[in-house]
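What follows is chain A paired twice: with chain B in the first complex and chain C in the second.
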Partner chain A sequence: MNKTRLLDGSLRIYTVLIFAFIFAPILFSVIFSFNSQRFPTIPLGEFSTEWYVKILNDPDIWEAALNSLIVSTCTAVLATFLGFCTAYSDYRYRFWLKGPYLALILLPPTIPLIIMALAMLAWLSKIGMSGQLYSVIIAHTVLTAPFAMAVIRLRLSHMDENLEAAAWNLGGSEWTTMRHVIVPFCKPAIISALCLTAAVSFDEFAVSWFVSGLNKTLPVAILEIVQGNIDPTVNAIGTFVFLISMTLIIVAQIFLVGRQIKGTE
Partner chain B sequence: MTTKITGKKHFDLYAMTWRLPIIIWQGMFFVGPIIFMIAMSFFLVQNYRMTEAFEFVNWEKMFSRGYFWDSYWHTVWIASLSTICAMCLAFPAAYALAFRASENTRRMAIFLLIIPFFSSYLVRTFSWFVILAESGVVNAALGWIGLGPFTMLNTTFGTLVGYMTLTLPLVVILQTLAMASVDKTLVEAAHNLGCKPFETIWRVIIPLAKTGLIIAAVFCFILSFGDFVAPFYLGGSQDPTLPILIIDTTKSGQQWPRAAVVAIMMMVTLFAVAFTGIALAYRKRSSS
Partner chain C sequence: MSDDLVVFENVQKSFDDFVAVKEMNFTIGKGEFVAIMGPSGCGKTTTLRMLAGLETPTQGEIRLDGQVMNDVKPHERDTPMVWQSLALFPFLSARENVEFGLKMRGVDKAERKERALEWLEKLGILEFANRNVATLSGGQRQRVALARSLVMKPQILLLDEPLSALDAHLVIRMQAVLTQLQRELGITFVYVTHSQSEAFAMADRVVIMSNGEIDQVGTPKEIYRAPATRFVAEFVGRNNILTGTVAASSNGTSDITTPSGSFKVSADLTIGDDATFVVSADLVQVSPHKPDAENTVQCRLLSEEFVGSMVTMFLESSDGHEFKVQMQERALSEFDLKGGDEVWLDWSAAHSHIPGTP
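Moving on, here comes the complex of A and B:
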């Protein structure tokens, strides 16, 4: 009995240590962002908002932040729209070549980003669409649509199949049924998908770095600062980006989990 | 049922409104780029300009260079090492979450593990860079107990720390899900029949969770194989991995066709690994 307890205890400690390892870089990055030292170590320096003041006064960072905001908003809308269409097609229809059809949307996340980056850069240059902000939006939509599709498909699988048929029997056309039954039913998943895709797009740097040209997004700005030398402003930008992403994820989670429980009642 | 609704004649506008957008979009911006990249590997570069052609020059050049194969095997080796480390490090934690934790704890843990995916991987890597530095937090802490300082940056250890930052959350999640779906009564039965805990893990849990575990390993390999941040910033890129090779040839060399050759070789390798993994995962267990 004692031995099992010992084993349980050490397993618990081990698990906590693994979590500590996973969260250490995030935690330290936040701590360092408020630390006055340029080369942070322990004992820590004084509390300071110096790095935040520095980024607030940097027009480059403002521009990058604005670019990121535009990119992630447009990406979210496009990816969620495409994800919704595909999820609905998958839910409602069976058709020839459906396997490859689904592979088309689900495959991109399994291909390393650096390969996607090269392929996107080459192709978009070829068709004369590289180096613009919309190039990043196009690439991010390809990368994030699968996530939107998965979230909305999950929601659709909770829908009563007879609901749609009932609406038709009551005289609604397919279009009105879509507008008044299916879209409202999927609304929490749609909001959730918007947040998720925006968050993924907001953090992506490899593909953005290749295709954005001179229109840096925030992660690309971070990449360029990191390439230079140790500059603690990265921690301040990182903390700021982290807060935005977390807000998006928590909103997504609330809509996804909260409504799911309600929906199954 | 859902199928009989589809039986309309020629062109169903409603159905196509939902089906076509993704075909057009991914055709233009996913299939297009990939096919173009494959075609590009046969193009020529003359006077720093790319001309469309069908020559095997780039393939011959890359395959005859020692540095390409050095980089290739180095990447395969370090990604395998990363996969082994992540699978072993994650296992006890996933086991604890799957069998010892309550349903609520498990759900909370998985939610926590999703967070890192949405925090900047670059910032986390930079954070490790500062933590592991010669005068960083870890060496300062070790200094108090009279150890070190150790050089951790620009070593394989540094690269692995980076890879673990990237892969551990996903591997723990996938392993936990794989083991949580194992029938608990079988584990109890093994226990009641006098099977020791470690034997139960080895002979009952691992075989039953095999599919999920292999999927976790495959994803871990794909992520490590394609990552350039950890080997570049924490490993010092003294032995460039394939992703670093792609960046170097694209960004500085203007040699896009050669970068395409490297990218295609990476994809072929990943497909081989993924297919082997899937074949192993779904293979029927021999009666041993």
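Moving on, here comes the complex of A and C:
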């Protein structure tokens, strides 16, 4: 009894420490974003929203934020659509070379980002499609589609294998069954995949930096600010980016875990 | 001819090298309750799935109401099915589940709702109409699945082991619901099951399958009293099966010598042939002393199994052959038997049956 309590306690402390280690830098970034001093030192200066006002008045940041928004939205939709198609083809069909087909789809996340980014740049410029906003969208879609597929595939694996046949049996053609049964069944996973892919795309730096050309996304803009000077606006932008990413991930988790359980009964 | 609703003509279904259904020929009449029974892997579910169009026969022809169905897609058929897993749509309410088929057929919203509610009421689950199906109990979900199929007003309903997930007492209730519905609607039910009690309790005719082939088609009584093959006799259970050589035969009675002894059967057999005969467990009597009867064998009592007031005794003869005797618990209690006791079994020659003969 005492032993388990001790183990319990130490595990709890361990978990808290891990989270502290991960979140402390972010927490400090948030704190310093409200600090009036230019340099991040302790003791802190006065509370100030000066840096937020500054970024709100910076057209470059606005443009980068808009670019990020466009890129992550388009990426989310495209990657989720592709992810759904591949997950469904995996669920429904058996075909020759299915193993390699699945491996190919799941490959992108295993490639180091910097190599992926260089390869994307080389390829896109070769076919004359680099340096555009859509270049970033293409690259991010390749990068995030496997996540969408994994999430939707997990959901499909919980589906009663007779559900689709039951819909055909009641007079639904393959397409109407897709619309009225498969998509509604996968809805929580689809929403989750949309949030997840949007969050990954919104945060992604390496690939964006290589292929975006003059169309900076938010992470690229941050890098340009911190290169060569110390500017607390980075903390303000960072806080903003962190909030958006966290929101997307939390929404994704709610749909993935919470709704997943319901409906498989 | 016009009374036949479903005709299987030389139907065969293979998956790669595996033949799931072999050369099937049989017909199902209009308004008939047919149960297809057999162990798992015998081809009973494949047969049902072919009727629903979910599998295409490799050979032969399936006709429904005179029309060849081989290439008709599942959604173009009117053969609703109740699934073993129920396959209810988990994201829809009970009512929406029932409406699903009508929606697919383009029935307008008001009529859909009316017909769905009518069926939910008929099956006694109207109060759950707007509940998510995941929150309903097994029995209620079962009724939703039935309503979902029957609301389509089909002329045939396919049922794939629909009661196998229910508790024993619910199974009995649902059996009553199903038989009553079938009588009332007058439509054909094709019921696939591995449970003898379900098949015998409900069906007009039972089809017994093994290894993709039909072993016997008949009324429950025919199958129970006159199994056509050794497999049927074993599968139906509660049968004593003995194999031996014909030693003598005259005037409709033959002697068969088996390792457990020599027994008389009422049949004309060829002397020297191998023969197998079956005696139902409920036609065998037990006595503590050797009785004066046509066929007797001494056995040791191994165990007993109680189902309600019926007892099945499992016994063993001196050569190790298993015998089964079924009797009323009240009648058995006179003997006061314990495991290991030696008793005598007897039966009359007229009660033995040779599989394959009428």
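Assume the second predicted complex is superposed on the first by the 248 of 265 C-alpha atoms of A that agree within 3 Å, B and C clash if a C-alpha of one lies under 4 Å from a C-alpha of the other, contacts with A are read in each partner's own complex, and residues count from 1 in each chain.
Operating definition for what follows: a residue touches a chain if its C-beta (ideal position, glycine included) is under 8 Å from a C-beta of that chain, and two chains touch if they have at least 3 such contacts.
Remember, predicted model here, so these are calculated numbers, not experimental data.
*Asks:* Sticking to the clash and touch definitions up top, decide whether chain B and chain C on chain A clash or fit.
*Replies:* fit
*Asks:* With the two complexes superposed on chain A, say which partner A:K187 touches: chain B (first), chain C (second), both, or neither.
*Replies:* second
*Asks:* Touching A:I105, do we find chain B (first), chain C (second), both, or neither?
*Replies:* first
*Asks:* Give the angle at the C-alpha centre of chain A formed by the C-alpha centres of chain B and chain C in the superposed arrangement, rounded to the nearest 10 degrees.
*Replies:* 100
*Asks:* If you tally the residues of chain A touched by each partner, is the higher count for chain B or for chain C?
*Replies:* So, of the two partners, B touches more residues of chain A.
*Asks:* Given the touch rule stated above, what does A:D160 touch, chain B (first), chain C (second), both, or neither?
*Replies:* After superposition on chain A, A:D160 lies in contact with chain C alone.
*Asks:* In the overlay, answer first, second, both or neither for which of chain B and chain C A:F147 touches.
*Replies:* A:F147 contacts neither chain B nor chain C.
*Asks:* Is A:G171 in contact with chain B, with chain C, with both, or with neither (first, second, both, neither)?
*Replies:* It touches chain C, and chain B stays clear.
*Asks:* Please provide the least distance in Å between a C-alpha atom of chain B and a C-alpha atom of chain C in the combined superposition.
*Replies:* Closest C-alpha pair between chain B and chain C: 7 Å.
*Asks:* Chain A residues touched by both chain B and chain C?
*Replies:* Shared contact residues on chain A: 161, 174.
*Asks:* Taking the complex as given, what residues does chain A use to touch chain C?
*Replies:* Contacts found on chain A: 160-163, 165-174, 176-177, 180-181, 184-185, 187, 262-265.
*Asks:* In the complex formed with chain A, which residues of chain C make contact?
*Replies:* Touching chain A from chain C are residues 52-54, 73-77, 79-81, 83-85, 87, 89-92, 100-101, 103-105, 134, 148-149, 152.
*Asks:* Touching residues of chain B toward chain A in the complex: what are they?
*Replies:* Those residues of chain B that touch chain A are 1-3, 5-6, 14-15, 17-19, 21-23, 25-27, 29-34, 36-37, 40, 89-90, 92-93, 95-97, 100, 109, 111-116, 118-131, 133, 135-137, 139-141, 164-165, 168-169, 172, 197, 222, 225-228, 233, 243, 246-247, 250, 256, 259-260, 263, 266-267, 270, 274.
*Asks:* What part of chain A is in contact with chain B in the complex they form?
*Replies:* It is residues 4, 7-8, 11-12, 14-15, 18-19, 21-26, 28-29, 32, 39-42, 81-82, 85-86, 88-89, 91-95, 101, 104-105, 107-108, 110-116, 118-124, 126, 138-139, 141-142, 145, 161, 174-175, 199-200, 203, 205-206, 210, 219, 222-223, 226, 230, 234-235, 237-238, 241-242, 245-246, 248-249, 253 of chain A that touch chain B.
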